[in-house]
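Written below as structure tokens is the structure these notes are about.
Per-chain numbering from 1; labels A, B, C, D, E and F assigned in written order.
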Amino acid sequence: MKYDMREMTWQEFDRIRHEKIVILPVGSTEQHGPHLPLSVDAIIAEGLSLMVAESIGGIVAPTIYYGYKSAPLSGGGPLFPGTMDLNAVTFMNLVHDVLEELIRDGVKKILILNGHYENEDFILEAVDLLSRKYEDVKIIEGSWWDQVSQHAMDRVFDEVEFPGWDLEHAAIAETSLTMYFRPEFVRIDRLIEDGVEQQLSYSVYPAPKEIVPKSGLLATARSSSPEKGKLLAEDITYGYVNILKKEFNI
Amino acid sequence: MKYDMREMTWQEFDRIRHEKIVILPVGSTEQHGPHLPLSVDAIIAEGLSLMVAESIGGIVAPTIYYGYKSAPLSGGGPLFPGTMDLNAVTFMNLVHDVLEELIRDGVKKILILNGHYENEDFILEAVDLLSRKYEDVKIIEGSWWDQVSQHAMDRVFDEVEFPGWDLEHAAIAETSLTMYFRPEFVRIDRLIEDGVEQQLSYSVYPAPKEIVPKSGLLATARSSSPEKGKLLAEDITYGYVNILKKEFNI
Amino acid sequence: MKYDMREMTWQEFDRIRHEKIVILPVGSTEQHGPHLPLSVDAIIAEGLSLMVAESIGGIVAPTIYYGYKSAPLSGGGPLFPGTMDLNAVTFMNLVHDVLEELIRDGVKKILILNGHYENEDFILEAVDLLSRKYEDVKIIEGSWWDQVSQHAMDRVFDEVEFPGWDLEHAAIAETSLTMYFRPEFVRIDRLIEDGVEQQLSYSVYPAPKEIVPKSGLLATARSSSPEKGKLLAEDITYGYVNILKKEFNI
Amino acid sequence: MKYDMREMTWQEFDRIRHEKIVILPVGSTEQHGPHLPLSVDAIIAEGLSLMVAESIGGIVAPTIYYGYKSAPLSGGGPLFPGTMDLNAVTFMNLVHDVLEELIRDGVKKILILNGHYENEDFILEAVDLLSRKYEDVKIIEGSWWDQVSQHAMDRVFDEVEFPGWDLEHAAIAETSLTMYFRPEFVRIDRLIEDGVEQQLSYSVYPAPKEIVPKSGLLATARSSSPEKGKLLAEDITYGYVNILKKEFNI
Amino acid sequence: MKYDMREMTWQEFDRIRHEKIVILPVGSTEQHGPHLPLSVDAIIAEGLSLMVAESIGGIVAPTIYYGYKSAPLSGGGPLFPGTMDLNAVTFMNLVHDVLEELIRDGVKKILILNGHYENEDFILEAVDLLSRKYEDVKIIEGSWWDQVSQHAMDRVFDEVEFPGWDLEHAAIAETSLTMYFRPEFVRIDRLIEDGVEQQLSYSVYPAPKEIVPKSGLLATARSSSPEKGKLLAEDITYGYVNILKKEFNI
Amino acid sequence: MKYDMREMTWQEFDRIRHEKIVILPVGSTEQHGPHLPLSVDAIIAEGLSLMVAESIGGIVAPTIYYGYKSAPLSGGGPLFPGTMDLNAVTFMNLVHDVLEELIRDGVKKILILNGHYENEDFILEAVDLLSRKYEDVKIIEGSWWDQVSQHAMDRVFDEVEFPGWDLEHAAIAETSLTMYFRPEFVRIDRLIEDGVEQQLSYSVYPAPKEIVPKSGLLATARSSSPEKGKLLAEDITYGYVNILKKEFNI
């Protein structure tokens, strides 16, 4: 059974498009410290989307690899080479058009699975505009970190204290999930201890160089493991599946 | 001494524009429950801006009264009449053009004082685009709730437990601040007990009617008072003044 | 009884939105000579809107304080600090979105009361686009100077000859109206005699500095008075009320 | 000697582009009553541009035949078939790009000769945006009716009283000029007496059918003649030539 | 009988708009070597449109004289003065608005007759967007070179071998057609032998100067003649008429 | 050695970004008959990009999986479910922003490797706009089919006659290349004989259903093989490498 739309022929997609939930993974290309690859946000969003699709028999649309701008305060923004930032209008239109094409193909149930914090408000603008036009389509949007259960949190943050999601950039959760989905991309030998005490309570432009540590890390990734990655992936999948069951009566 | 740009002649503005910090209050027109007026976010942003301007000798630009869309999860979005939502492109362009006009007038130090949660990411897109173009201008952006000290929090949430800022819509902080800045607009007789236990961990479109209580309240406003408003206003002003001192060496 | 939407709770607005006429005052932030504040256009539009609303039981939406670009020939354009010019696309979208939100709230009768000459054509573009989409909504747009009766003209221009509306910038009508609505903002001690004989019959870009006098005045404000302001305000209100009566059968 | 850019080879244009003034005629496609063709505004703008170019040795760029929307109050707007209205954004971008191409070709002196009232504010927005970017280019914009001398007015309005330019739609001036430039397009046999007493002092959307007479005429064209057309054409040309002499020191 | 909409009064257009096919000629202003004028693409598109209109009793809308950017590989792009390139968004909006105005006037059958290679994909985007909105309107788009019969090809390329349409810029077909439609604009005395062997298989930006010959010619125009122009014009007209007969059942 | 930017850490990218050529593969999600998956265009563009990068030591940016609209005449456009069409503005902005981010990271040599016919003109618009702004960056764009040598053509089209690239949709070249790059995605058992004799010489909107065969095939894929895929891939890689050597002196 196929879940990845990229692998389907048009006829395979055609047969199931009217009943299935389509999941759109939205990631980014952004620095994730010295030990993680640039596409972490896309890898995690895509990996989780496939797990959710397998659980409920859904379809995963091609992952969006370019996301909205990394914020200086959270990912270092334009200070790090390799971060690829779309302008807001571009990113909103991209999400808008992809969703509209699904809708024009008769899809009525959509989950947007977001893996990059800064994407969220711009995804919702695209969804809002579409939703005014296509009232009979139901669209759910949720970032993966908002679906982690307390139970999983306790086990993932067993050694290190949870610093808050705003500092969990390239830290334990993302590192563990990438170790689970794409171990060959993780340079665990380059993992260093770095981080910030606390984020500023405001934004400054142009972004001062010292706004994030030179490594790009906001919190330690120490104690990350593929096992924690698996635990998180299954926990989050369970969370999304429950949402879909409730919202789509499946 | 005048701080409000609306009251200045062009010559008065002309004389001080090169040295002063200009503060742009950004609000919204949005439901704030049965006891607060639609312009709460603008009233608070404007009130605080004037207090900050007085403290540092700054200039307050005309308040933006129309903001980005109220999110269904936080303010009820399009479910409540009276909420006036600008599209993302419109709002970003508006902030962009206002800032660019200040910059073209020679202003080099700007503070954007935000009073509506949903505005923030779109303000920052406008600032990012300008910042690429005008590299010698420094722009600070901060929402008022991010500047409240722990000390003030303890005194404001003395009776009621702090529910988190995402649920503090039309609740104790906003009610107290409005009672301080514009007591004549608060219908304290209509204050009711209402709220939500916890927000959903995801968004749904079209927004279901039950996503926020019928009243529009996400948490109780019980124990609000003009004294708490004054305390908050002075505490927040102090926070902003410290930021400006640090960032602009004043 | 409240007329100002900014002061209303959403429930107060909710109860009356279906029957009432909503008035949107559109102003600008623009130089108005050495004796008038930057927000004259907004002050007058807002003041007149409240008077009209009181006369017919309408609702005044939050005033738009930033308008379309001041033209070099009429207000001096970018030559004067303090003038804040929105780009055409921004301003049209702003008016468009504000009106669309009213319409989505069920409002069917709208008056746009304009106080800045250069706004008019761009307001009408926004209205035209909306009008194609919402055919059952009636929108009236009129600038205040087009509603002054001959009778009032004769009394206001008793000492000084009327120079034409294109030269009446910061002159007798605007000065008198601001003296009536916001006397505390008028620096009558700074009033000087200045002006131009006749405007050019064409536009030049970049705008030459000598295109308007250094003071920003196109015609004298001599003989302005709060009494003339009151006369004008009542005369114009009467004009708008008659239009609304005729167009909305009230 | 060629003046019309459409007829030139690129080498012919190349040789003169750096010194010559380039004139851009901007017209429209709009109803002009029962006796005039749809392209009156373009015909007159093009005809005058060629006369000015001949007088000063300039270059006439291809005429813009599609203009900004006809206003209901002046030309009947969308009420008349055959009127072709561009949206504001489209029209501004069109003028912008055409001018920018001239500038990128090294042209430094430009005259925009406008023949459709509603175009003017949108042309100026395009010019303003360009002018910020190309500070060494001088752009003049003027509508032809603003260049008519008092002397010519007296002779053209010898039988009929001048109703004001806002009512002079398809009336004596436009009819005479078209009789002069393109007599074969004028159906003088279909000329009727029609018109309005006075325009409304405000705009209404959707435009009511009775806002202009069924014929599309706002004032009489009686007493029009090719002789008057010639007189006007020469008078206006003289006006433009004087402007260009003054502004470009030629 | 009139076919050119520019010459019609609104009443003449009104009487026939519901049944007639409207043809929109789309050209460009682009270098066409030392012997042809800048408006070749517009001249040919307009000339053919009038011939087609005469054959089927259609209406020709005002020609679009400014087209999408000349590609460096085919017409030399920005390397040649006199080429006037619209940006993609501008050109698409222009075509979109012109077509939408026809449709809003009740026109149901449209032919877009394209004379500039680079226009085509952008015309189709405009048509696609309209077509989603107005499902009962049928729009045909075709470039003239795609309608030439083999029979005509054999006779036009009797002396010189056909180099492919991508190299036929300012060559035999365009030269002959211009000699037929506007002989007075052809400087046959300046015709030179020039051209390229083969185009590059890729694009380079910025465009290197040597990408096309200095003359702007990609292939020889030798053996061009007004007779060949007539032959081509009639052959292409025949092609279009057959398409319209088939598609519109006329 | 890594070539895929998605797998690199930001530091790995940082070390090489100034000297390396960056290759951007641009594909689409589009029907490719009953035997090929929806992502064929992206698979081929990505596969070739990696081969070219390996040959010259380049970097492959994340593949663009959503392309410009499939044309009805070539890929069936909106007639086939599973085809995901971006609007022109969205797609141009996407390509624009991705390239601009590379350029802002200091990349000076870029190859855009296109795998979807309809993308090309819109990619070039994005490149043109960037190229005006960043004059020291060299950007090459080429579609893979334009790089196939005659030698390879002869061997690929040994059994079946080459129908022209406009009909080679899901036919021998694309099928063989997909069999080479992603054999597991090819459903060779579903391969059928289908196709069109000749494409129409014009476009029709709305697209009639019979414009392409029901299967989505425009020409036969018979005689496809992974060996032919390998041959093509190596031939095309050789072509691109030669272009890069010539254009970047490597």
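Please note the rule applied: contacts are C-beta pairs under 8 Å (C-beta built on N, C-alpha and C of every residue); 3 or more make two chains touch, one makes a residue touch a chain.
The structure displayed is predicted, hence computed values, not measured ones.
**Q** Determine the set of chains touching chain C that also touch chain D.
**A** none
**Q** Where the contacts of chain A and chain E overlap, which chains show up?
**A** Chains touching both chain A and chain E: F.
**Q** If more than half of the interface residue numbers appear on both sides, call it same; otherwise different. Which is it for chain E and chain F?
**A** The interface is built from the same residue numbers on each side, given that over half of them are used by both copies.
**Q** Would you mind pulling out the distance in Å between where the CA atoms of chain B average out and where those of chain C do?
**A** 27
**Q** Please tell me the distance, in whole Å, between the geometric centres of chain B and chain F computed from their C-alpha atoms.
**A** Spacing between the chain centres: roughly 48 Å.
**Q** Can you pull out the residues of chain C that are in contact with at least two other chains?
**A** Residues 87, 89 of chain C each touch two or more of the other chains.
**Q** If each chain is a node and each touching pair an edge, is that a line, ring, star, complete or other?
**A** Its topology is that of a ring.
**Q** Spell out the part of chain A that touches chain B in their complex, as residue ranges.
**A** Its residues touching chain B are 69, 71, 87-89, 92, 118, 121-122, 124-125, 127-131, 135, 138-142, 146-147, 201-206, 239, 243, 247.
**Q** What part of chain B is in contact with chain C in the complex they form?
**A** 5-11, 13-14, 17, 29, 31-39, 42, 61-66, 78, 80-87, 89-90, 93-94, 96-98, 101-102, 104-106, 185, 187, 190, 216
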